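Quick one: the structure is below, and I'll ask about it shortly.
Chain naming follows the written order as A, B, C, D, E and F, and within any one chain the residues start at number 1.
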Amino acid sequence: MVISIAVHGAPYASAGSRTALRFAASALGLGHRIHRVFFHHDGVLAAAGQGVAPQDEEDLHAGWVRLGESHGVELAICIANALKRGMLDEAERDRYEKDAATAHPAFTVVGLGQLIEAMTESDRFVTFAA
Amino acid sequence: MVISIAVHGAPYASAGSRTALRFAASALGLGHRIHRVFFHHDGVLAAAGQGVAPQDEEDLHAGWVRLGESHGVELAICIANALKRGMLDEAERDRYEKDAATAHPAFTVVGLGQLIEAMTESDRFVTFAA
Amino acid sequence: MATLHLVNKPAAWEDCHPLLDAEDAVLLIEDGTYLALQALSGAALYALEPDVRARGLSQRIRSNIQPASFDDFVRLVERCERVVTWSA
Amino acid sequence: MATLHLVNKPAAWEDCHPLLDAEDAVLLIEDGTYLALQALSGAALYALEPDVRARGLSQRIRSNIQPASFDDFVRLVERCERVVTWSA
Amino acid sequence: MAKRILFLLNRAPYGSTYALEAIEAALVAGVFDQEVSVLFSGAGLYQLLSEQDGGAVGGRTVGKMLGALPEYGVTDLFACGPSAQRLGLTGNDLCLPVTWLDYTEQKSLINRQDIITG
Amino acid sequence: MAKRILFLLNRAPYGSTYALEAIEAALVAGVFDQEVSVLFSGAGLYQLLSEQDGGAVGGRTVGKMLGALPEYGVTDLFACGPSAQRLGLTGNDLCLPVTWLDYTEQKSLINRQDIITG
């Protein structure tokens, strides 16, 4: 099956980002395809490349990056929600003349159209709320 | 009176950061002293220097920076909560060998002891919840 | 006044209400201002005016709830001995 | 099964419960697993096992609620036609 | 083939930007050729209150944004009747016309969807 | 002069890191020479449940962290009796001994404080 996922909550203020990551890993393990993980609202903060996870807590950001890189899963952060929260890739950094790209390059910055496209191109769409 | 403030919520996921900013401005206007604004939990995200506020929404981060710079109010972000959320000043950027400082220099990175010190040194302590 | 209770979400009223003293004050802020549509009692009741106005509640709040500006908020903090924040 | 209902907070049950069909499934996740301490009904009931275990609920959940692994979660998504998420 | 997509909006506006950001998504869904509907439920009904003024808290007015839904092709606007009753709201309190649904009607709305999100 | 500081913990653990981060603050308060007490109320009582295993969700065990409070000098641990009754919990369910307070006792606890935070 083709599955897409929406993540609405920030990594620490919400358990949803971690639940979504574990769900995605299980879905891949059971032979499904993850078409896109769409990070919406505070969910975009999962892309934060400067985070330093505490030693005794799982590094969620690193988990997402691993999932993206090892399984070719598209990690898409909503551009409108990302910009206001300071999650920029290199292109947005240059456009807004900021001093740093904050989103890890495993994440791509996309428009809300990609959220709707994920819905139309997938057999199932699962929302992980904040 | 000496007042200190705790901010628990992220700028967009919670209205608390904005309420706290307006409260602080009014308190200063009425002649009180703000000893410290302590950003705790997701509150630390107010320091995000790379944010680009939408044109039709108030730029809260800029509001905090203005308050800090024009009134000498200490804007303190909790180091433990900030590190895991990717809010680093230049010292933490160097220590953890990250590529960018993400916290605006108007904010200082402090330990939880400064939260307790704010309580002991102030006449009133007001918590703005997430 | 003894204690100022800040209530920022409707669901927090359930926790706050049983702990009100008659000499306390309650300030409804943010989404807590939706509580101003209901019959509340137990202390002096205020609602933060900009939050009330944003939500379209200005003509709808109960008559026993007084609108408060941010300056009024500061004065309530002055007059009360402590502030407690209730959230969901 | 028709619809899979994800419930991630106890307060969300109030919104979810009236909309359950008998052929639906409910999966309690995250803080929603605290609902497994209560008498629930209305659909086939599951609770995400790692969330149950983290919270100390393993020996406490009601007998009509089945523990579900993440693989079970995926299989529920397969079997249901759609997924709806309830949050506070 | 068009999909049936339901936006289930159950959060109050202004206390967070979730409501505003979900409406932005519903507006975008409208311009794709999908069968989009919106169900306001619980505290989400407050998004529809008349006389809102987002400027009072430094942001956009959510009720006004909802007014754009029909222009974007989203005309199926539903609201949960029992929620309105619980909150003491009627159609007169709202800034947009909605179709009121009881629980049975909401179940059948849900059962017609391919995708439900918030 | 020592201040009386009350931590009002009313959030469930694990659904967010708020509980964990508030406990860290209470522990630090303990090492300052203040009169620190903690009141568990509402969903905050779940922080005290026995048999927790934070490792199951990739984090620390909140109940175990609370066990360190007395070592940090925080020995006044209170819990809301009516909340426990509503949630169906008793002292036997908890991993730490607490003093149960009814509403009147909680009011007087609050009225003794200089600072209350969460």
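Basically, a residue touches a chain if its C-beta (ideal position, glycine included) is under 8 Å from a C-beta of that chain, and two chains touch if they have at least 3 such contacts.
Since the structure is predicted, the reported quantities are computational estimates derived from the model, not experimental observations.
Among the remaining chains, those touching subunit A and also subunit D are E, F.
A turn of 180° superposes the CA atoms of subunit A on those of subunit B, with the angle given to the nearest 5. This structure's chain pair with the greatest number of C-beta contacts is A-B. With centres computed as the average of Cα coordinates, no chain lies farther from subunit E than F. Centre-to-centre separation of subunit B and subunit D, using mean CA positions: 38 Å. Look at where the CA atoms of subunit A average out and do the same for subunit F: the two points lie 34 Å apart. Centroids of subunit D and subunit F (each the mean of its C-alpha atoms) stand 28 Å apart. Residues of subunit C in contact with at least two other chains: 8, 30-31, 50-51, 82-83, 85, 87.
Along subunit E, residues 14-15, 17-18, 57, 59, 114-118 each make contact with two or more other chains. Each of residues 12-13, 15, 41, 57, 80-81, 125, 127, 129-130 in subunit B touches at least two other chains.
Within the complex formed with subunit E, the subunit A residues making contact are 6, 8, 40-41, 78, 80-81, 111-113, 115-117, 119-120, 125, 127, 129-130. Residues 1, 3, 15-16, 19, 22-23, 25-27, 29-30, 32, 124-130 of subunit B are the ones that touch subunit C when the two sit in their complex. Per the touch definition, subunit C reaches subunit B in the complex via residues 6, 8, 29-31, 48, 50-51, 69-71, 73-75, 77-78, 82-83, 85-87.
Considering their complex, residues 2-3, 15, 18-19, 21, 82-85, 87 of subunit D touch subunit E. Taken together, the subunit A residues at the contact with subunit B in this complex read 10-13, 41-42, 45, 48-54, 57, 61, 80-81, 83-88, 92-93, 96, 98-102, 130.
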